[in-house]
Amino acid sequence: MAILSAKLVEVIQLGTEIAGLIDLPVKYWPLPGQYLPCQRLDGDMDGLATPLFPVLVGPNRLALGALPATWQPGDLVACAAPQGHGFSLPGSVRRVGLVPYGVSPNRLLTLVPDGLAQQAAVSLFTDRGIPEDVLARVPSQVEILPLAALVEEPGWPDYLAVDVDRSGLTTFIDQVAPHTWRCEAEVLIFTPMPCRGVGECGVCAVRTRRGWRYVCADGPVFPLKEVVHVAR
Amino acid sequence: MWLDEERPVLKRELLLDKPFVNASGTLGFAPEPRLAPALRGLGAFITNPISRAPRVPAANRAVIPFLGGFLLHSGYPNPGITRVISHFRQRWAAAPLPVIVHLLVETPADIAEMLPKLEGLENILAVELGLPPDCHPDLLAALFEAGYGELPLVPCVSPEQVPVLLGVLTGLGPAAVHLVEPRGALPGGDGEIIPGRLYGPAIFPVMLRAARVLVTAGLRVIANGGVTARWQVDALLETGVLAVGLGSALWGIDQGMRLLSAEP
Amino acid sequence: MWLDEERPVLKRELLLDKPFVNASGTLGFAPEPRLAPALRGLGAFITNPISRAPRVPAANRAVIPFLGGFLLHSGYPNPGITRVISHFRQRWAAAPLPVIVHLLVETPADIAEMLPKLEGLENILAVELGLPPDCHPDLLAALFEAGYGELPLVPCVSPEQVPVLLGVLTGLGPAAVHLVEPRGALPGGDGEIIPGRLYGPAIFPVMLRAARVLVTAGLRVIANGGVTARWQVDALLETGVLAVGLGSALWGIDQGMRLLSAEP
Amino acid sequence: MAILSAKLVEVIQLGTEIAGLIDLPVKYWPLPGQYLPCQRLDGDMDGLATPLFPVLVGPNRLALGALPATWQPGDLVACAAPQGHGFSLPGSVRRVGLVPYGVSPNRLLTLVPDGLAQQAAVSLFTDRGIPEDVLARVPSQVEILPLAALVEEPGWPDYLAVDVDRSGLTTFIDQVAPHTWRCEAEVLIFTPMPCRGVGECGVCAVRTRRGWRYVCADGPVFPLKEVVHVAR
């Protein structure tokens, strides 16, 4: 249980979310899809940590989000070690699809640099408008398409990364029909994680093919096929 | 191993060598090595709630923040007493501190079935009883009747249960009473009203008052309290409780640790 | 003047033409002109607590903030029923809204002495009974027995009293039950533990749950709730309460006004 | 019940207290010893107003204190009308004594400009050190003396203004023996005023010669002789 006290250096508005640069050694940076349990010192006295995920930024900078609205630059933040299973983009893939479903695209966009680095085409499938300020930070090689494009041509991607709120899983399955996908696919399930695994409280539970699993410890990223038929 | 020759084993009395425990549900089913820093500060480890049959997470599971705390509704998921024991008995026995097993009980039959499975296990200090919210004094008396045996019984009562159960509690004279978080309700994201326990400093004044009522009645009391600061620990200890139960503070990054490691 | 020919006067039933009241103790003894903006939003005005004999402020009077609210301990100072009536009866009669008189009662003799002094006064809608914290069901029944008369009686219960008094309340079938703030305790400046009522949004989840219990039991309920936001009013009204009692929000500069003037 | 929404323009550290300049029409400025019930909009959600008193500042500026630590410049504040009875410095007095007893001198120092304007000698009697930053704002004509000076020569002032916490009244009376004073004297009794008179809650009550009085409405400034023998 390494605990680090770090400073919130800068605060960035990313669409509707607030992200922050936290002064952390690189070895503490969470990977795409992982999270860092953080708690502002001398505030947030309910005792709960906020899980912060890597979100879109430029090279050599790590922005974490979404920050609670009350956090201010200069605040000291206690951080536990990065936690959970993130995305694992296979080195062989050539056509990467990103599907932020009903959530901001910020967490998935952290996969863009790796995708482009391995010469893959990267498409973002979404029906929600992408805020100007976020769009300005997305490399121009990334194609932005409506979800219908994926539903019509589910064979195009050879890797798909989904980001969805637990409460949106059923609608997602109904609308997007992910069982028609043949490629490798992973899903980040976004849900409150009050105990971040410390208490096995079960509030973050999802049903999977292999029984109940906890998003905080077994996720937040799952193979899509593990949850697609049973999740609720 | 905690039980040793030197130490007097007093049945029906609870001896804690440090004035802290965790609230049931906050540190899982067994004192795992990953919890070591917290465990060093605790006088006993209390398990997550365990039921007779397995329980799955509540369909409307949720954590809902409010000013000063949060409501938690989990459904108390657990694999049931039989699987919990086969999975965790070794870890309980090998633990660096004594274990209090928390049982969810609704009927005397529950306890009559569950308790014998625990007797004879090593390093169990006591059995805590999680009670239904509308627990009648007669039910509590019947539960004690059914649970009479080797292990001291520690009933858990929330502040709104204190006035109803105070009389029967003083009559039963349990090894200790554990004062646990009040129940509440809040609208969830979709407007549905979600019931659940309340955690965080918002509950402290209610808990301190209820602790005083129990102590004044002559009971030995372990009290949770939404405790996040040392002055709250001190106020509870000065009131005369045996130990303070830490809840949500143990889920923070280092708040719980600061409480556990501070000099009294 | 509120009572007029057009309006049906239903004894033992409480009709409020707006779903808000003030909590006793928040707006003084009478609906004074200076309170006009708040009064326009209320369905009835509830007086400060009034006792048989005069009461002076508590020696250890205090307001103690905590995360999400504050504890208030005043001693319910008041000049006693006789002086209150001679001082305020005209203002009650002339008020632009009906008045509910809040009586502090400990014994049937209290109510038997106080109630006749109120009967025959104009514009009194009901009498609220402030009960001792350890009120036994038999005491509540005896108070109703002693208070049977012209004016509907509205007992005030705090959430920790609900489990004890629910049975007798459903039996008595009062015009309404007023769910009031929970009691708590906190250390004061010098470490002395101060008892008192808890106000502010920290109490809302406990109040919402208790309101649901009362409504589900078939009672007509007025509920305080540490309400500071419209969604809290809505959650209580959807639960089925007759009216929401505003407490500390009425002491803010314009928070109470915003709640009272918002469209439902 | 006039309600004004005003902006907190500037925040000033005055010794251990924080004071603020609030953008208020002059007719809403409280006089020395009066207070302005204020509540930060979108914060302080417990519903309680904070009573702000005039505190030491230069000419044509009104600083109010003590501000809660969480208030920031730019915050919007709802203000009710100025409230309570303040000090009334008689125009005839020539020797003014100020006695902040166990409290910061900031509230009493607002009497200095009027005292000096009428050519009076002004002395501040206190045994607590005055913080540098406060001292720097006190006109040099003001003499600063230990309390003992007043106890030894109680006949010197022809007007005394006292500021004391309700909990300190008894000690004040024991130590300073105000019954030996012959001059006109007033006392600001500082105590929480949760309902600011709206509810007649009685938490601010003080016993006076004429019975119980409420600091929020009958004070905060009382003739000293009203409370000196009975206050507790």
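The letters A, B, C and D name the chains in turn, as written, and every chain counts its residues from 1.
In this section, a residue touches a chain if its C-beta (ideal position, glycine included) is under 8 Å from a C-beta of that chain, and two chains touch if they have at least 3 such contacts.
Keep in mind that this is a model prediction, so the values were computed, not measured.
Peer 1: State, to the nearest whole Å, the distance from the C-alpha centre of chain C to the C-alpha centre of chain D.
Peer 2: 35
Peer 1: Indicate the whole-number Å distance between the mean C-alpha point of chain A and the mean C-alpha point of chain C.
Peer 2: It comes to 49 Å between the two C-alpha centres.
Peer 1: If you look at chain B, which of its residues touch at least two other chains?
Peer 2: 67-69, 200-201
Peer 1: Taking each residue of chain A in turn, which ones touch at least two of the other chains?
Peer 2: Residues 45.
Peer 1: Does the chain-touch network form a line, ring, star, complete graph or other?
Peer 2: Topology of touching chains reads as a line.
Peer 1: If we use the touch criterion from the header, which chain pairs count as touching?
Peer 2: Listed in label order, the chain pairs in contact are A-B, B-C, C-D.
Peer 1: Under the definition above, what is the set of chain B residues touching chain A in their complex?
Peer 2: For chain B paired with chain A, touching residues are 25-29, 34-37, 48, 56-57, 59, 61-63, 65, 68-70, 72-77, 189, 199-201, 228, 247-257.
Peer 1: Which stretch or stretches of chain A touch chain B in the complex?
Peer 2: Chain A reaches chain B through residues 1, 3, 37-39, 45-49, 78-80, 167, 192, 194-196, 198-203, 205, 212, 232.
Peer 1: Once bound in the complex, which stretches of chain C touch chain B?
Peer 2: 66-69, 71, 134, 159-164, 182-187, 193, 195, 198, 200-206, 208-210, 212, 231, 235, 239
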